[in-house]
Amino acid sequence: MSKPKVIVVPYTRKISRVFSPADWERLHSIADVVWGRDDPIPLAEFEAALPEAVAIVHGEWMYGGAETLRKAPKLRAILEVMGAHSHPGFDHEYCFDHRIRVLSCAPAFALQVAEMALGMALAAARDIALGDRLFRANREQYSSAGNAGTFLLSGKTVGLVGFGSIARQLKSLLAPFGCRLLAYDPWQPAASLRAQGCEPVELARLMSEARVIFVTAVPTIQNKAMLNRDLLERITPGSVLVLISRAHVVDFEVLTDLVLQGRFKAAIDVFPEEPAPPDLPIRQAEQAILSAHRAGAVPEGLLEIGRMVVDDLEAILAGLPPQRMALAQPELVNRLDPAGERVSASYRSREK
Amino acid sequence: MSKPKVIVVPYTRKISRVFSPADWERLHSIADVVWGRDDPIPLAEFEAALPEAVAIVHGEWMYGGAETLRKAPKLRAILEVMGAHSHPGFDHEYCFDHRIRVLSCAPAFALQVAEMALGMALAAARDIALGDRLFRANREQYSSAGNAGTFLLSGKTVGLVGFGSIARQLKSLLAPFGCRLLAYDPWQPAASLRAQGCEPVELARLMSEARVIFVTAVPTIQNKAMLNRDLLERITPGSVLVLISRAHVVDFEVLTDLVLQGRFKAAIDVFPEEPAPPDLPIRQAEQAILSAHRAGAVPEGLLEIGRMVVDDLEAILAGLPPQRMALAQPELVNRLDPAGERVSASYRSREK
Amino acid sequence: MSKPKVIVVPYTRKISRVFSPADWERLHSIADVVWGRDDPIPLAEFEAALPEAVAIVHGEWMYGGAETLRKAPKLRAILEVMGAHSHPGFDHEYCFDHRIRVLSCAPAFALQVAEMALGMALAAARDIALGDRLFRANREQYSSAGNAGTFLLSGKTVGLVGFGSIARQLKSLLAPFGCRLLAYDPWQPAASLRAQGCEPVELARLMSEARVIFVTAVPTIQNKAMLNRDLLERITPGSVLVLISRAHVVDFEVLTDLVLQGRFKAAIDVFPEEPAPPDLPIRQAEQAILSAHRAGAVPEGLLEIGRMVVDDLEAILAGLPPQRMALAQPELVNRLDPAGERVSASYRSREK
Amino acid sequence: MSKPKVIVVPYTRKISRVFSPADWERLHSIADVVWGRDDPIPLAEFEAALPEAVAIVHGEWMYGGAETLRKAPKLRAILEVMGAHSHPGFDHEYCFDHRIRVLSCAPAFALQVAEMALGMALAAARDIALGDRLFRANREQYSSAGNAGTFLLSGKTVGLVGFGSIARQLKSLLAPFGCRLLAYDPWQPAASLRAQGCEPVELARLMSEARVIFVTAVPTIQNKAMLNRDLLERITPGSVLVLISRAHVVDFEVLTDLVLQGRFKAAIDVFPEEPAPPDLPIRQAEQAILSAHRAGAVPEGLLEIGRMVVDDLEAILAGLPPQRMALAQPELVNRLDPAGERVSASYRSREK
């Protein structure tokens, strides 16, 4: 019996980076893989495969809208491997109307990003990167003298801006610290946040009360520069802000300004433009920890993408619901802001 | 009724650094405090208080041996506030023979040191300090390009060299990471380590198998440079060694050599000499994170010392066993190496 | 502005049992509630409300198929409050085709059922109910004499037959016991079970290796009497089987036979017929704990149903995806067996 | 080289019940075992072994006071295997004065007693034993009708009367239930209880506020019938009292009276007299769960005693401090009430 056809074009991801050899083999054992190479698929070949395709695994969506999907009457799922929160040109409505599941690998990043966020928070609270720089400059200060402004994470109030898969994973890593958790997420009713062990609060209160703030919100058309001067100025002196999702969410100039003034500490993994310009002022901030969009690109972590894709394909092809990737929700897809993702595209393309 | 007499000389600690106002008041409400100032007590005053003293709280022991203690027939406990693992000249045997409890505040450091150790481990695994340095030098690499050699802590094998209060606290912080824990501690039988959820192993195996190694062992007369070339060379390439207790335990030259070669990463909080000489070669190691003996000196963390002291005095004066500080054990006190502590003394004295 | 219309007919549930006053008020504050009484809604009234109805909250579905739903063009969600796994006559396909979310309150039972399952497992492992019966008959045996065949849960192998919301909650309650967890769930790929911390196994192995077996599977057209003689005989002597979902899943006669023989212990909350006939042989089994379908009907627990319904309505009416109830999955709804639910209907109707 | 001499007389325990074959062998590999049989040692033989004995492992102490111990100049530890809280005639003071560690196996019972206490609490909260009795009498009530008065443990306030090894273990098993923990323990300062995650409270408040009360306190000369009418009447209607340590602590007649009145539920493992008289009124109480002092006598659980004994002997003979058994504290030994233990002696003697 022939196996179901699955079109696989991870581009701009490379296959060997996201699929372990075992997962790649597992994929072939359950599906008749069309293409399955690192470079983009020629459009003709893509279209030729549509009539029989049961699923499409893709990196960037470059295949148009409903007119394309209409040629794939057997299509049951579209699985993306970038973790991008939106793909310009993609027609979600068609999929919702035709029971095609649209799945994102975003949850594959939760663990590695949460570990990085915790590491950056501890590094900021304890001046680990700063202390290391001072040491190399022969200006280190020992014991108490070098600990002014440091603090413990245990027992502190933590603010989670956005409560998606990253924040949930972070919550699990934070459990032994016994922190009080405040959460702000306009996409979840208060009751839902409470049921997950957080105190739902308005942003103004979160910013004022939390000693460590994790910004994990995805970019939407509503949250551009949501963390504005008014909110950033509410942060209590000496606290820590960890910016780990997208710079889109914060007024980066104000953030830079306040950190340069020494009002609070910041650990920053994402920037308004990437690569960041050589003269970006935040590069000079003593109280900042800077990281080049590295939270979600640990080699072993990327293999989680392939594992999730094959796990969910396995379920789908067996006539079961997928369990691991994130299912696109009609209410949310139109709120995502592809512009908030754009910065990534530039350096991603360089990975080719 | 008069309150019991307690001699309190935290020197070289400062009272305001280790006792919160509330704890200091609590202390006075249960005891008739003799001295209770920052500077050393004049010997005459000390000796005059001995006949009635029920407890002594001290920073450095400068009061001689049995001949002194003999003058304090009512003495039931001696509580030290440095967290030093040994006090030269102190006569433990006399205390053991006369049911005087000797208590150390060492456990007060467990939480802050464990948080720092975890922070340093994550920072090393994810190149947080290195990435920050590169960023400031305009040499940062984005995404996957900047993640060569980084790895996740979750699911890894962790080695604990020494399984005392720091390691136990670390074990609790590590719980959500689901690590396999190997432990080496010659002061605890294998069964005891197993009962605490660790796999007891020989050092050679620990060094070979662990992806992250935490050195938490106190300095003893037996473990000077215990982590020698043979053991350090067993560390698998790209792993992380966190040196958080005392440099005494490791052959520091070999460690430096191997880290400079890039064989593995190291996060180092303690040095053979402190302050470290300006030309200490480890200062140049790309793969190191350097910290100036700062793990156990967070302002709020130091107040835990006073809290423990007053908690245990409260118990003792109420005729109950102390519960929070570490009780000196006859089998162990003679194994501690005061020389391993000496480095600290130099900069501590500068805190005066 | 007028509030969105929501038809609310919890029958055969009573409103005061599933909605706290606060939730009932919250419901009215966000919706224009149609009906909202304990008894069934007259069909005419129901149909009159359809054209404007945005959601329907119901206990038993008595409103026909597509021809009815077609009259409700604004309908976005149907929320059921029985926790029944299927509603005969309901047209899921129409809902899937028209983006109407079908939501079940089944997860509202997870916590109370999991607590009961753990309580029954401990009671069986330690002969708590049996010991109590013997005590009342003046036949109790003290200490070791009364503990033959008892065992600890900590460190044992536990088998979960079905890994849905109950099993997941049970897994959380079992965490401190440090059990090894085996799971069998044909609706989830092995990888998914593994990602949730279980070892996916075949039923035969689960039955042979687990010391405590929890049967939590919902009744499907495929699992009628799935736990047959061959599988039940694999249970190791003296182990415990907790039957907590539906009797449908097990060959009840064989189960009775083996427990009467004393081959293993059983804790049973559900029966092939309810009320169970007075002469049902299991009533005589010394090694059984019997409970009258009581795991999911704790007064405070039922209020979780109303809380979930209002939480999710709040989300839906705010244009957000629901977060708390279980969403019907196209692949699974046709596999559920309404006959497996039927036993409940009889006594439920008596609650009116 | 000859091995150190250890006298081993577990009587009235049986060797095969407390030592696994592996532990028994391990014991012989590290020590020259004197006696090592089930029956009592002849006094002459005991005395002959004293001059060389390094440790004594005993069940009941029948060897007199200081005059005996004086004959054992090499003695470093006395380890008891009953878990009794006091041994009449034993001279603790001599041991404290001569650095002989007195160790009790009481902690070996913590896990099995805590599991039983949790099982009994859940059984009481959910009427598991009562429901089972009704079922066997063909009087069972289904679903909601059978759940009047049942409640969930999750999120409730729990009171711990006594916070020793059992309560600590119980605290760990209760963690996933998210309960608020109140603790009363006159042997521990408030700060110590707080540091362990409990709210220290007076008994009156504990009894009034807790929905589930665990009585885990050991019998002392001060707590005889401490839970008197005034305190027992404070229990809120429908709550659960689990009596798991010793009946000594409670006014049993008042307890019986209130439970017979249906004021609250009780789960009782210990009785003022054991075996309990056939006409003891509590035998008739519908709202009680009765267990014949069975919490600490699970076969596999008893082997933990031998494991702890050998683990600690291993440490002691290696010149290390013991880690697993409970060390007698000078402040506490004189407060224990041997009379509170006496009930056990009677049925224990029957185990011979």
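Lettered A, B, C and D in written order, each chain numbered from 1.
Following the convention adopted for this analysis, a residue touches a chain if its C-beta (ideal position, glycine included) is under 8 Å from a C-beta of that chain, and two chains touch if they have at least 3 such contacts.
Because the structure is predicted, anything quoted here is derived from the model rather than measured.
Colleague: Name, by label, each chain that touches both members of the pair subunit A and subunit C.
Modeller: none
Colleague: What is the chain whose Cα centroid lies farthest from the Cα centroid of subunit B?
Modeller: It is C whose centre lies farthest from that of subunit B.
Colleague: If you average the Cα atoms of subunit A and of subunit B to get two centres, how far apart are those centres in Å?
Modeller: 38
Colleague: With centres defined as the mean C-alpha position, give me the subunit B-subunit C separation in Å.
Modeller: 51
Colleague: Counting only residues that touch at least two other chains, what does the list for subunit D look like?
Modeller: Touching at least two other chains: none.
Colleague: Using the touch rule from the top of the page, what pairs of chains touch, sorted by label?
Modeller: According to the stated criterion, the contacting chain pairs are A-B, A-C, B-D, C-D.
Colleague: Can you check the complex and tell me which residues of subunit A touch subunit B?
Modeller: Where subunit A meets subunit B, its residues are 17, 111-112, 115-116, 118-120, 122-123, 125-129, 131-136, 138, 140-148, 150-154, 172-173, 175-177, 274-276, 278, 283-284, 289-294, 296-302, 344, 347-348, 351.
Colleague: Tell me, which parts of subunit C touch subunit A in their complex?
Modeller: Those residues of subunit C that touch subunit A are 96-97, 99, 187-189, 191-192, 195, 307, 310-311, 314-315, 318-321, 323-324, 329-332.
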